[in-house]
Amino acid sequence: MGRYVIRRLIQMAPVFIGSTFLIFMMVFALGDPVAALFGDKAPDPATAARIREELYLDQPLWKQYLHYMGQIFQGDFGTAFNGQPVTELMAAAYPVTLRLTMVAIFIELVVGITLGVLSGLKRGHFIDSSVLVLTLVVISIPTFVSGYVLQYLFGVKWDVIRPTVSVDAPLNELILPGIVLALVSLAYVTRLTRTSIAENVRADYLRTAVAKGLPRRRIITRHLLRNSLIPVVTFIGTDIGSLMGGAIVTETIFNIHGVGYQIYQGILRNNAPTVVGFVTILVIVFLIANLLVDLLYAVLDPRIRYA
Amino acid sequence: MPEPYDPQQAIAPSGAGGGMDLAMSEAETLEKTPGGPLGTGPAGKPRSLWSDAWHQLRRNPVFLVSSLLILFLVLISIWPQLIASGDPNECHLADRQLGSSPGHPFGFDNQGCDVYTRVVYGARASITVGVCATIGAALLGSLLGGLAGFFGGWWDALLSRIADIFFGIPVILGGLVLLQVVVSTTVWPVVGFIVLLGWPQVSRIARGSVITAKQNDYVQAARALGASNGRMLLRHVAPNAVAPVIVVATIALGTYIALEATLSFLGVGLRPPTVSWGIDIANAAQSIRNAPHMLLWPAGALSITVLAFIMLGDAVRDALDPKLR
Amino acid sequence: MRGATHAKWAVCAVSVALAATACGGGGSDDGAGIVRSSWGDPQNPIEPANTNEVQGGKVLDMLFRGLKRYDPKTGEAQDMVAEKIATTDQQNFTVTLKDGWTFSNGEKVTAKSFVDAWNYGAHIDSKQNNSPFFANIEGYEDVHPESGNAKAKTMSGLVVKDAKTFTVKLNEKFSSWPETLGYQAFSPLPESFFKDHEAWLEKPVGNGPYTVDSYTKGASMKLRAWDAYKGPDKAKNGGVDLVVYTDNNTAYTDLLAGNLDLVDDVPAKQLKNVKADLADRYINQPALIIQTVVFPMYDPRWGKPGMEKVRTGLSKAINRDEITKQIFEETRTPATDWTSPALHEKGGYKAGLCGDACEYDPEQAKKLIEEGGGLPGGKVQLTSNVDTGSHREWMDAVCNSINNALGKGSVCTVNPVGTFADFKNQQSNFKMTGPFRSGWQADYPLIQNFLQPLYATGGSSNYGKFENKDFDRLVREANQESDQAAAVAKFQDAEKILADQMPAIPLWYQNGSAGYSELVSGVQLNQFSVPVYDQIKVD
């Protein structure tokens, strides 16, 4: 077990190098960022050349990459074009995004699994059909619309919440953004739970549990749910990365200067340090998330073991 | 074709019975054993699990309804002229955001184009992208994820870490870089791109399911009996692991159609004058406060498509599940 | 047994992850008389000679007062720190400063404050975006050579005579040069800027009516009225809190919810609701911005003689009235010349100068394009970046208008470019193969700024590489004219050449827009569509 974890941690090194290089190369391929610094005006050639030189942009790709990695190992992630160090941006963005993601995942777990269990146990019943309709709505209505409509209703029309998230981003302000962010994933979690439950309801061990006369509640939570959770847990593991890095729309609507927003800005401005820095941390986050999920497999299904 | 299983098929019409149907245990468990893991019928004739599934599928009303729906969608994708006579790109700004009027049942969009015509013509691009990308991502993902889960060890380390690297590519960055270099007016670069970014998720799900499924007693038994890896994977593990993949794939179908719009808005997706639901939904989203009708129709079309595939997925899953038989 | 051990491992790791997020809370202060205003993250560090966009410009406008300042209403360049700027030959200028101006750190504003600031802004080592603004001062090539290192530290054309006086020698005659000095790049800088540059960037110090109280990069800046400010335009409020928003629509929602007092860019998708939401607390007025579609004259398919008919035909196929009304809700005005109404007639704006060539007439459009030999390859592709503004929507509308006018199906298509950076590279490397969007916001309210940089041979932003000897000659003559009215007349003659040749189709003049809360009054925008913060009253 311990060795397995250590091995997985060691495997992070090649992934780290692979993804930083891949992302670095991609931002490089986006093109020269310098001309855009001059706005609508034409760039002054001499100044532009100076800036390129300073940012190592006049070097070939591999030299740029080595230079960048060299800096990273000294703890320097470079600067964004507004003069802010990327580490500073990350220190501001990651905590907020992490909290937002936690809220979203909490909602996915509680609401998604509850609805999934209910519809899995009552297949074809009213609750099952309602959940299906909700799923379709969530998939076809873009986050932009659901987010904006909810924000408008709760924040402006009924005035029950603050429509935008303040800089400190306390948890209560993150509830609505968390719901909006969770919506599409909810569809996945609900349907994955439903399917697993419907499948496992007929499994032998459940019959045994029923035959033993265990209370219904205990059967559902201890036996049925525990064995149905593996796909759900796997999904949530993969979702952490996409929720953290891909919450651009939600973050934009609610004025959250989070990870997705910063990566997007970095891409728009072809700023390699911003994009690579943020994505690197993101990759580490979901490597850890995936490791946790794999360890959870063994908790949920004791037959699974890692050598 | 021998049909020893008819009684079970009758009690499992897509599991509509609901509840914890634990009462029917006796007969089912008894008859399940001989038909099950080793894939031989009671008479000793080899009998394919897959053909068995197909046999059951044909009788499932859910399957029939969803197939008809999909057939209809495919038809209008190929021949939109069948039900829409106008030109989706004929737009007069004077009609901007107007509601429905005779000859224009769904009203007009931001540019004054007829929404009905655009919904019909949008089917082709959207369904091609959605279905092809889903199939691609599901196949590639379950293949690589399945192998990683089944063999474990170095296979798992290698395949899973490759998936991790792909996970790290932000969609927008990948789109801007990879799709910019391809100059094509077809939907295929977009399909390829979505497959490329979509497979790691399917692969994780498939891997998790395979890891669970291979713990089952009958798989262990088959292994003990010396069954080959390929046979075990295909016969015993895959049918038991496929359910979550189907669920994820059917929902992903909808999100991929929407993802196309994101790419198109960045200028790297479908090229104008191609019409698609995704683009129209995204356009309509901008005017949600003033003209919600514009969103209703393309979003409705997308819902129906996803519904059809979710129903199909449910039916297929039920047919493959040995416990439901 | 086994399961329990596994669980412990998992729980440990989860709690580590959770611990990282255990923070948050904290309140926000609320001062009396403070204006809460929306802001966008400035594109570059805030320095006068490095800021070339509105968001950084907002801050500079509160922090600095230069030699001249443009009257927010008339656009006239009025003396601010300057006592007078005298010249006899339109090439040598003597600048005299007023008494009593100081920086908020107590330093006096002297001739040296200006000369040092300008030398810094021009010097290649400072890498300032706006250095070309100093290019017409003698000695610029020495501090800012086209390649290699600088040969001098200062420009020979700038000489400090005494604390209150300095002289400027230009490379060539430029009669309206003093009128350009209201631009923020010409602001004075205190000694502290040069002594500790990093610290200055953290908390800029200027000589304007406000001081920076606190600055959190990427999030907010709190500016407070400077009590000791001696200038004529003392702040009428206690201060301004600028809050960075991810999106102008988000800011608009916050305005409706009462969390914000001023949004200086009403999002396009809310224009229809603005009357219902804000009643008369909405400003929509001309700014010094014109949107055009530029042809790549360097591509012979578009630039060869005879194509002017096709270019004019396309201009006549665009129904500007309908597009500005339907899509922009009249926050744009159909353009009939190549300047802006915010210049006013005195400054050189002349409605209808473009004449027939800018009037929508589908029949004529079709005829002209046929006479000119038709569209190259039978097609036209309109290019713009689509990551900012709502460019996609109007481009679709323009193409539909052209397609409807020509009646040949989808001959006009939109070519969206994902990022501004990419678009900008294609533009400045002259890689365009068809007409492309070009937005121009003037740096100062002078007709010269709308014409020379954009259409003169070698002009700094002449992205279409339009070259015309007569045009160049008229611009040169206009710059040497000492009489303003005569200069304007010459510029307008040059502009008529544009109407004949149509190297760029004028689409519309862009207005500045703003919405504000019931708590504030006296809100106005200047011609750069920046709110005049010092005039805002908080009730």
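Going by the order they are written in, the chains are A, B and C; count residues from 1 in each one.
Keep in mind that, in the parts below, a contact is a pair of C-beta atoms (placed from the backbone, for glycine too) under 8 Å apart; a residue touches a chain by one contact, two chains touch by 3 or more.
Since the model is a prediction, treat every value here as computed from it, not as a measurement.
Overall, the chain located most centrally, as judged by its C-alpha mean against the mean of all protein C-alpha atoms, is A.
Two chain pairs, B-C and A-C, are weighed by contacting C-beta pairs, with A-C ahead. Distance between chain centres (mean CA atoms), subunit A to subunit B: 22 Å. Rounded to whole angstrom, the centroid-to-centroid distance between subunit B and subunit C, based on C-alpha atoms, equals 48 Å.
A straight line joining the Cα centres of subunit A and subunit C is 37 Å long. Multi-chain contact residues, meaning those touching two or more other chains, occur in subunit B at positions 176, 289. Contact of a single residue of subunit C with at least two other chains is seen at positions 387, 419, 422. Chain contacts: subunit A has residues 30, 148, 152, 267 touching two or more partner chains.
Across the complex, subunit C is touched by residues 89-94, 96, 110-112, 175-176, 180, 265-268, 271-273, 283, 286-287, 289-290 of subunit B.
Against subunit B, the residues of subunit A that register as touching in their complex are 7, 11, 14-15, 18-19, 22-23, 26-27, 29-30, 121-125, 128, 132, 135-137, 139-142, 144-145, 148-149, 152, 184, 187-188, 191-192, 195-196, 198-199, 201-204, 206-207, 210, 216, 219, 230-231, 233-235, 237-238, 241-242, 245-246, 248, 263-264, 267, 275, 279, 282-283, 286-287, 290, 293, 297, 301, 303-304. Within the complex formed with subunit A, the subunit C residues making contact are 2-3, 5-7, 9-10, 13-14, 17-18, 20-21, 23-26, 28, 41-45, 52-53, 124-125, 127-129, 131-132, 144-147, 201, 216-220, 244-247, 249-251, 253-254, 256-257, 259, 387, 419-422, 424-425, 427-428, 438-441, 453, 460-463. Per the touch definition, subunit A reaches subunit C in the complex via residues 1, 5, 30-33, 35-47, 49-51, 54, 81-84, 88-89, 92, 95, 98-99, 102, 148, 151-152, 155-156, 159, 162-164, 166-171, 251-257, 261, 265, 267-270, 288, 291-292, 295-296, 298-299, 302, 305. For subunit B in complex with subunit A, the touching residues are 14-22, 25, 29, 157, 160-161, 164-165, 167-174, 176-177, 200-201, 204-205, 207-209, 211-212, 215, 243-244, 246-248, 250-251, 254-255, 258, 261, 281-282, 285, 288-289, 295, 299-300, 302-303, 306-307, 310, 317, 321, 323-324.
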